[in-house]
């Protein structure tokens, strides 16, 4: 039971962890000062969420492991984030596309998680949902701006959406741990979020003068710890200090 | 004494280690199949040299540390390579420029190291010099090709040389360990290589229709372990497996 | 040439092949023979080049210097194979640039196995052991194929591939005999690479096209299913030897056939990857096209320099 | 305006400043006042923006989630400071784009300290403690400077900077009280950042230009050497408190002066860095110019979208 809840929480938090890390890479390199600040802000929110989740997970594990152990001392096959969030910052259109495709899901997910019978999870969801609704507004505004802006920006945004689309379906897959926790009433049945997700995403894409990708082929694996080749490099940075200087306080 | 010799060897080998690692990043991504093979070949040679040096260093240390411990388990401040070799593969002109500016030095250095009173070092030098003279021919040929080629390639090669020039002077600095080993007759007095180095480099640059940079400002610090911000990222990849899976055999 | 004459040439050509004579670049050959060989040989060359990427992914992170050197050498060998396979294909009247063009536009294929990601270090073992293992089984018969340049290239390739395969197996063995964590890495890699490796031997005979003609030209000497069986029968004992479990609950020795029975292959996945929708198809093409495009100014420079050098020489001569 | 009139305006202007009144954007001001303020304020804004880079370098590698969050927040604050300093400077009739242009072409300067690399995690402590510490000493007097928008911006900046400085000191304290390895990291960072931090307070008074005029306008209220002494006197006891050694063998308490005596500063290094030849000058500019150039299509898109939106609104209104 505890194992399932622990894994369930990691499944949620790893998305925020890896996406936060990707956004952190950009800090100081944003295309404008305002977007730099906004992306850093989202990263900050996400890491704040990660800490809440992992502190709770550490309590459940009950064996002295810390939030940092959970965040930084797992192996590549133990991270449960979806493939979408680990995709690189190829350019700003990819950063925004990734954010948008995740935010729409994230917002719907948290709205459901608020109803969790697990009071800690529902409290975290309740705190996070305000932040994430801001994220979603920010990213969908930018999708519209880039989609509607110039021919160049439209093409770049379209290419990013086309490439990232293949990672959207995984958001609605359930792991074994998910199923158990959903059955207990503490988890969110993500399969039920799918229809509204694509409805909302398509709505924004249309407003942004972007075409809705038609591909019916999707990639998955992240939730089972089988990641794209991008993740390993991200982890080597994320983990560097904890690995090189083990068992210290910072 | 032993400490000085150990540090002296690391000072030589770290250059090959870090440059080999940089070239390794390119493997499979070279601009042509032929240059891909050639760069990988140089990387292979350099790592082969690293192994000879570190195996010797491990023997000197005499405390069970292995070549891999020396290569992969030091902290960022303990790597003694010159700043030149850690510079990134910004584009092929930088890769070639870095290689060329190092090879000319490396070849002259090994010619002297062959005369070392330390028989292991002189044997290693004797083995390596054939490889490095091939490297030097390869990189100076490409400097000429790019410098003499098109206007675009000339500009790119010139920019790379201009940017990398600032790291050349450090090649001729001596650390405390260097001075001791030189005094003992086992080391190479690099200060004496400087005049011929710039003569040779300038000769090639002229043949390549490139201007000799005029800047008299140089960067140093690598030999004392104060590196550019590029090195940390390189190390986080280089060390990843040894850090994540300590004390194992591979 | 009259149809009569052509038919006569074809007959002679077929007889030469039947007599195990090699066809050489300057010999007359049917257009279909030429085209089929260009397709297969260039696909083979592309596979070598694209195949550098999944393994190249772990060069900077290899766990020891010894392994790093071996991996670099292996990937370099693949580049070498690519190089002489491209050269061999060029003897059929197509340039390397044209072949790249076909690769980059998706007209030419490469082995689908390279569209799977290398997720952990153990994949360097699994790729060597299984992927090179399956490749050898595909390729050994080609050492006797009818087209001379291809046959000669394959002799060289096969020699190196079997070295690579042993190297991969040795990585797996070391992991399997290592710490529990390492053993888990090895088992996990086997779990992920087993089925795609079986798929490497190609679709089932029922679904396979070109086979009959290819048999005649000795481009193919056994059916896909036979090759697959051979691969399985050879690999299962190797897994047992190092204490790893093949991830197939239906796998069992069939005394009567003297072979292993095995479970159903997920052909949907196979076709998805072949059609360009595998985990890394886009990444692989992005990497290849990226290298090609970034290389343009370099190739231009090399060409311009060569021309200028030539001119200077001629001027001096005058 | 006649020269007479101008002189009269200047007199009134000087008197207002002497009375500690604030000069506001719409007030008349001497051209030199405007120009000097644009130079100093934009330089200050640029320093915030370039200053994001050395700390941004450790965000992905911060050793704990808590530290990562704090570091992200700190770098974000710097972006915020940049933002309102640019806005304050814009009140003097220069656009942000023009200021960027000046930065990217090297016409405008930024604080030289940011041309040193952040080599280890401990540098996050040293930068906060020493660099922000020295910055505060430079900046606190500016909270009372004569130009209103600048003074108000500085009040906000200083509040956050002193929070950052405490945060940096806390990182150092934790390291200094940590394992021997951590303590070594801290001492090493102090060794590398001490002298550049002293240089941050500017050249010695003998070499300093603009000082007199700046004093009058309250752009400067103490001499560089006085500020430097203040920084040293404040910082040495902090280093002692956490058991770190200031890397200056000549440093000692001077009972008579009630201050620390200290060793010679390497002004050659200072001028080399100011002139653009520090360890990271090129890297910093490459990063800033890179972000600007890569941002072009995005800024264009945002502008085009805003215009289209406006048009659509107008059409609807018709």
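The first chain written gets the first letter, and so on, giving A, B, C and D; residue counts start at 1 in each chain.
In this section, contacts are C-beta pairs under 8 Å (C-beta built on N, C-alpha and C of every residue); 3 or more make two chains touch, one makes a residue touch a chain.
Small disclaimer: the values here were computed from a predicted structure and weren't measured.
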item: Partner chains that chain B and chain D have in common; value: A
item: Whole-Å gap separating chain C and chain D, where each centre is the average of the chain's CA atoms; value: 58
item: Cα-centroid distance, chain A relative to chain C, in whole angstrom; value: 37
item: Touching two or more other chains - residues of chain A; value: 75, 232, 236-237, 240
item: Multi-partner residues of chain D (each touching 2 or more other chains); value: 61, 181
item: Chain contact graph, described as a line, ring, star, complete graph or other shape; value: other
item: Listing of all chain pairs that touch each other, if any do; value: A-B, A-C, A-D, B-C, B-D
item: Chain A residues touching chain C - in the complex, by the definition given at the top; value: 75-77, 163, 166, 215, 217, 219, 221, 226-229, 232, 236
item: Chain B residues within the chain C interface of the complex; value: 21, 24-25, 27-37, 40-41, 43-44, 47-48, 50-51, 54, 67-68, 71, 91-92, 144-146, 148-150, 152-153, 156, 234, 237-238, 240-242, 245, 248-250
item: Interfacial residue positions of chain B with respect to chain A in the complex; value: 75, 232-233, 235-237, 239-240, 243-244
item: List of chain D residues in touch with chain B within their complex; value: 54, 57, 61, 117-120, 181, 188, 192, 272, 275, 277, 279-280, 282-283
item: List of chain D residues in touch with chain A within their complex; value: 49, 52-53, 55-56, 59-69, 72-73, 75-76, 79-80, 82-83, 86, 121, 171, 174-175, 178-179, 181-182, 287, 290-291, 294-295, 297-305, 308-309
